[in-house]
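The following blocks contain the structures, represented as structure tokens.
Below, chain A partners chain B and then partners chain C, in two separate complexes.
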Partner chain A sequence: MEFNIINPVSVKELLGAVKKEKHFRFGAGCTDLLMELRKKPDEGLTVINLAQVKDNSFTGIKKSAKGIRMGAMFTAHQIVMNEELKKTFPVLHDSAHNLASTQIRQVATVGGNLCTASPSGDIACALVALRADCELLNTTQKTRTVNISTFFTGVRQTALKPNEVLYGISIPANHKNTKNNYSGFIKVGTRRSMECSVVSLAYHIQVNVEGKILKAGVAIGASAPTVRLAESACDFLIGKTFKNITQKEKEEFADKVLSYASPITDIRATAWYRKEVLYNISKSIFE
Partner chain B sequence: MKPKLKVIGTSVPKQDAGMRVTGKAIYGHDIKLQGMLYGAILRTEHPSAIIESIDTSAARKLEGVYCVITADDVDVNNIGYKRDHPILKKGEANCTRDEIAAVAAETKEIAKQALKLIKVKYKVRKGIYDVHEALKEQAPQINKFISGKFSNKNIAETFHYEHGNLEEEKKKSAHIVSRKFTLPRMTHACMATSNVTASYNMLDKKLLLYSSTQVPFLYQRDMAHALKMNPSDIRVIQPIIGGGFGSKLDIHPFEPICALLSIKTGKPVQILYSREEEFIASPIRQPMEIELTAGVDKDGNFTFREINIVKDNGAYTSWGATTPFVIMQSFSSLYKLKACRFNATAVYTNNVFAGSFRGYGNPQATFALERVIDLLADKLGMDKAEIRLKNANEKGEVTGQGLHYDTCGHKECLDTVIKKSKYHSFRNSDNGTLRNTNKNESTNNGSRFKKGIGLASMLHVGGGAKIYRSDGCGTTIKIDPYGYCTIITGSNEIGQGSETVLAMMASEELGIDLKKIKVINTDTDVKPWDVGVHASRTSFVAGNSLLGAIKILKEKLNKKAGELLKSDDTAYEYENGNIYPLRNTNINESTNTENKASKLTKEIANTDSYIRNDSDFVKLDKVVREMHFTEPNELAVANFFYEPSSKFQDKDFKGNVSGSYAFAAQAIEVEVDTYTGNVKVTDIYVAQDVGKVLNPLLLGGQIEGGILQGVGYALTEELLMHEGKILNPNFHNYKMLTAADIPNIHFFPIETNDKEGPYGAKGVGEAPLIPTAAAIANAVCNALGLEVIDLPITPEKVMKALASKNTETIQTKNK
Partner chain C sequence: MMHEITFFLNEKEVTCKVKPATVLLDLIRDGFELKGTKPGCHEGECGACTVLVNDAPVNSCLFLAVNANGKRITTIEGLTNKDGSLHAVQEVLVESGAVQCGFCTSGMAMSIKAMLHQYESGHHVPGESLKNLPDREEIKKYLEGNLCRCTGYVKIIDAAEKLFAKEV
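Let's turn to the complex of A and B:
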């Protein structure tokens, strides 16, 4: 595995490099990139290392009335350690906490998790459930925002254009009348760490003081070519009281979630298993 | 009153722990010799193919390439337990690991590039990947190097054993259970990948090998045979070894290949495996089918066992083919048994070949046996703990196979885990009704998580195993004029902590501080012979050998000490670098310093009549100097070779093969998630007859590491193959467990003080993993009311079994 590497230290240098280089890939934590290059060497490749870029909007986190914005370089470890995120968006905290291992979480970034566009991306799955927005920056220093549901265009494919870098991710604030939301990330695999999701489910269900569901985001991972938002399952929940959901409604909800799944059979699990388990864990949200 | 042990029995940390955790340890990968080249191996593209031609011309021309070899370039003998394994393959490939060519180049990159330039023309064959296919009449012969003494051309080895009157015992049986179990391929996955550095000296024609072998002296001999050299012209040095677990018992083709590259180039050559290569080309635990039929009489006494095993030998025969030695022992002699008939056949296929692996067939045997014991108990309506206790082995028993249990902790082990785990209050009733165990879960339609508990026990050699003509170990010990001690032992360290335990023994016996004791154990040119690290034997055999040497040394030291102290006492105590005479207060008392209870150790008979005066001593280093510089002008050095009392088994596999026997039992609690099929092992209760605890810390390490390996075998680890190719040659998909998966382990050592062992100790290394998969399978069956006959018990298999209401068996392959 051989490649050239350039280390921009500012956004300006970064965009300059993007403009100049013909054959390049970004490297953030490189936990996906190096694995990929080792499997499939890419001759003449230049890696533009994002890790030295000094820019708060790229590396930091900021809270506003509209919600929380993380720079693309925010790491899984930083997500885990952030109390505000843990309180406001437990699903995001859980997804990062379950990712790989302590060592990998130190360097793995949220931007890398999104841009690698793996169907089993854990943070990606949580961010889909949270209906986050992706901020893309191009070489003319212009940004555009795309909703995460349109960011993933296929297996390992995103809406990023060749002259764009993912700059930040914004998560809309919770509905102001909500209290004690139901939010979590369910990861299914055989090991308790260093495990890639065989199936995953992210849910962020916002309820008011009476427990009535005001907003819902439910996303599935490792069950389709991309992480997917189970839109109809989310709609189904609106207006219902979380605690009073009946057995029949649970099953109907799980059926709706399952309708978004088109899993494959691979060496880790069969499609049959993935569906079976997705159905079960969908129900389990209410148990 | 026996003198109290001061060092033995304490938690001395591993002597090399600091070096290892600070990265200072020199592994094979760290060796760099002047002018060293890097070797790389081209393996076949197809598990079964005719090799029509090999064109190495382009590779030879590449700059930086020093040497390219194929089978045509070398004059060598086959390797392997049956000498059926060519180092480089000629004419045909029979296994995905097959070595076609090798190169030595200036850098690893050039070596790799050169491999790509080698053009091989293959004519692909269908290949045989199933043992039953291989046994068919029309199947082609896979390995052409065997003598053909068996009924079928694809049989590599057979074993037949029996004792008692099987037909008679069948008639006496009230219930008979018969099952066929399938066991997977598991790989060692050592942290350090395979490595060797060879340096051939063209001047004196001697070969130096830096190798991670577990058996340096057998390796030296095998290497010499392969290379047509004189064994003594080969020197084997072991750098620090990053994991063995049995994988380094056999010599593997890459090792003589590396030597050949060095011989051809006259330069040192190093071969290091990548992780992927490690998964593909290092040995595995034998996959096998075990058909077991077993009976029990109406009172719950075991009557007979009839066993038929078919092992997938792969394309070549390794030590792994001899695992039936150990397997038959568990079937014939674990629990009292009146009659046994055992047949095992190793069959050639085009799959990867096995090797030896911690437990040496015993995890497979114990899994089958302990599953069937649960089923027999079910038939009888007898409690599963009771049936085991009733049939447990006993002290003084001589088994049908001729094993002598001079000490036996079997019952005590079982009793301990049954009590400590509160087995009876935890267990689900055996009529299939499950206890609702998840009171904390707010489920309203029955419980999602099902708990269960399972029991299993095991028998393993605890005092070496005489499978080679000698199971001995030599030791040279010396004390220098400054009071430091050097132990030169034949045994070696592969991470298990034997150096530390040997140093502790010397410290105990000679009263020398541990910091002043050095253990030299890495060089065949220096150290005396030893058969190697296997069969949980090192502390036992090398320990006894060291104690023998110390006894001789002490006789010399005592004599000089007596002179210097002007005393005619015959008993001395060694402590704090001093020698204290023990003055005899009772002249009528025998002064025999030898005690049967511990033949070689310091414990002195009837010490009550001896008195030590703390101000009456001579310094040990002074005694050594006086020995050296005055009469008898002798060095404080002693040699000893210890051969265990065990016997080579006769042609019917009968005889007392080990110096002592280890027993263990485990009770394991699991929680099965019926939504995902995940089995969570919550608590493991382990009781193990270790003879005597020499070092609680190191013992605990063996127990925990072994158990996690056992949990992996039970639940997650499997090298998946399709038509001879490995599908998951990486940690990503080969699911080895991590620290996060360690269950609660409750360990209870059982001390039976075996008179053969050093301080009463027995071998402990393999036992912790042996009953684990069996106990987990029994627990899963208990939790779900289903049967498990297949390992590993993956979530997918559990879900399939739960889904299919008709079949009650977890058997489905997750492919």
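Let's turn to the complex of A and C:
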């Protein structure tokens, strides 16, 4: 494995490197990148190493009235250890806590999980359910915001342009009248650790004090070319009372979730199996 | 192009030159001749190469050597007490008979040390913080990135449990 490397220490240097280099890849935690380059060497590649950039907006977390913003270099471990995130967005905590292993979580970043754009990205799936926004910074220091569901354009493809870097991710605050939300991440695999999801489901369902659903986000992973928001399934839930959802409504909801799936058969599971599991776990969130 | 880096390796400041694609595992073993850190899968799956970077456990096979610059790196050789005696983590592994072929042991020891550090410094996964001691499930969860092909997990987890009862 060989490549050149640039180690910017500021955002200015980072953007300078992006402007100058023609054939480059970003390296954040590098846990995916190094494995990929070992298997498939890429001649003449320059890695723009993001790990040494000192910039709070790129590495830290900030809460505001609008919600919570994480820098792209915020790690899975930092998500797991953050009390506020666990309390406000349990789905995000769960997805990060079940990602790979303790060692990988120390270095793997939220930005890396998004930019790898794997259909089975765990944190990605949670952030789609949370309807997060991606903040992209270009070489002229201008930012544009794209919603996460339009950020993924295909298998390992994103809306990121060659002159842009993913700078931060913003999660909108929960509806102010909500309490005890139903929020979680279901990951199905053949073992508990170090597992790439066979199917995953992220849900963040916000209910008021009476248990009436005010807002819902449901996303599916490893079931389509990208992580997808099951929009019609989310809409279906609005106005219903979470605890009173009938068996028929559960089935209708699961059917709607399934309509977003177009899984493939691969080494981990068949398409048929993935659909069956997705249908069943969709129903299970009400139980 | 070679990159010059300076870091603390087992509390000693060192400076060296590394290639862009060199990983920390190779630098430790080949550059500094510290063979206690084991190369296993080279994919971040097995955890045999676990070392501590600023007290956090990482797979040194997936950690770029250039990113060690300015950091504190601890390997199994640095775990041993200054007087040469075994660290409490090592001692408890020996006492518990938690070593079979030994290949995973240094990685296991580093992960247990990292967990000990996390608890001693008062950092817990939220929700688990009410307990004083990590239970078996929490130990298993923490050690999920360390494989033992002899499947000697029971004694390893016993050892960690004993250690926490004593130290935390």
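Methods note: the second predicted complex is superposed on the first by the 287 of 287 C-alpha atoms of A that agree within 3 Å, B and C clash if a C-alpha of one lies under 4 Å from a C-alpha of the other, contacts with A are read in each partner's own complex, and residues count from 1 in each chain.
In the analysis below, contacts are C-beta pairs under 8 Å (C-beta built on N, C-alpha and C of every residue); 3 or more make two chains touch, one makes a residue touch a chain.
In this text the structure is predicted, and so the values were computed from the model without any measurement.
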{"item": "Chain B versus chain C as contact partner of A:268, first or second or both or neither", "value": "first"}
{"item": "Chain B versus chain C as contact partner of A:281, first or second or both or neither", "value": "first"}
{"item": "Per-residue touch tally on chain A - higher for chain B or for chain C", "value": "C"}
{"item": "Which of chain B and chain C A:193 touches, first, second, both or neither", "value": "both"}
{"item": "Which superposed partner A:86 touches (first chain B, second chain C, both, neither)", "value": "second"}
{"item": "Touched partner set for A:49, first chain B, second chain C, both or neither", "value": "second"}
{"item": "Chain B versus chain C as contact partner of A:4, first or second or both or neither", "value": "second"}
{"item": "Chain B versus chain C as contact partner of A:30, first or second or both or neither", "value": "second"}
{"item": "First (chain B), second (chain C), both or neither touched by A:97", "value": "second"}
{"item": "Partner chain(s) touched by A:106 [first = chain B, second = chain C, both, neither]", "value": "second"}
{"item": "Set intersection of chain A contacts, chain C complex versus chain B complex", "value": "101, 192-194"}
{"item": "Of chain B, residues touching chain A in the complex", "value": "441-445, 448, 675-678, 715-716, 720, 727-728, 731-733, 735, 737-741, 794-796, 799-800, 803, 814-815"}
{"item": "Partner chain C, residues of chain A touching it in the complex", "value": "1-5, 7, 27, 30-31, 34-35, 37-38, 47, 49, 51-52, 77, 80-83, 86-87, 93, 97, 100-104, 106-107, 192-194"}
{"item": "Chain A partner contacts - residues on chain C that touch it in the complex", "value": "1, 3, 19-21, 23, 42-45, 47, 50, 53, 56-59, 62-64, 66-67, 69, 111, 114, 123, 125-127, 141-145"}
{"item": "In the complex, chain A residues that touch chain B", "value": "101, 188, 190-194, 196, 198, 247, 267-270, 273, 276-277, 280-281, 283-284, 287"}
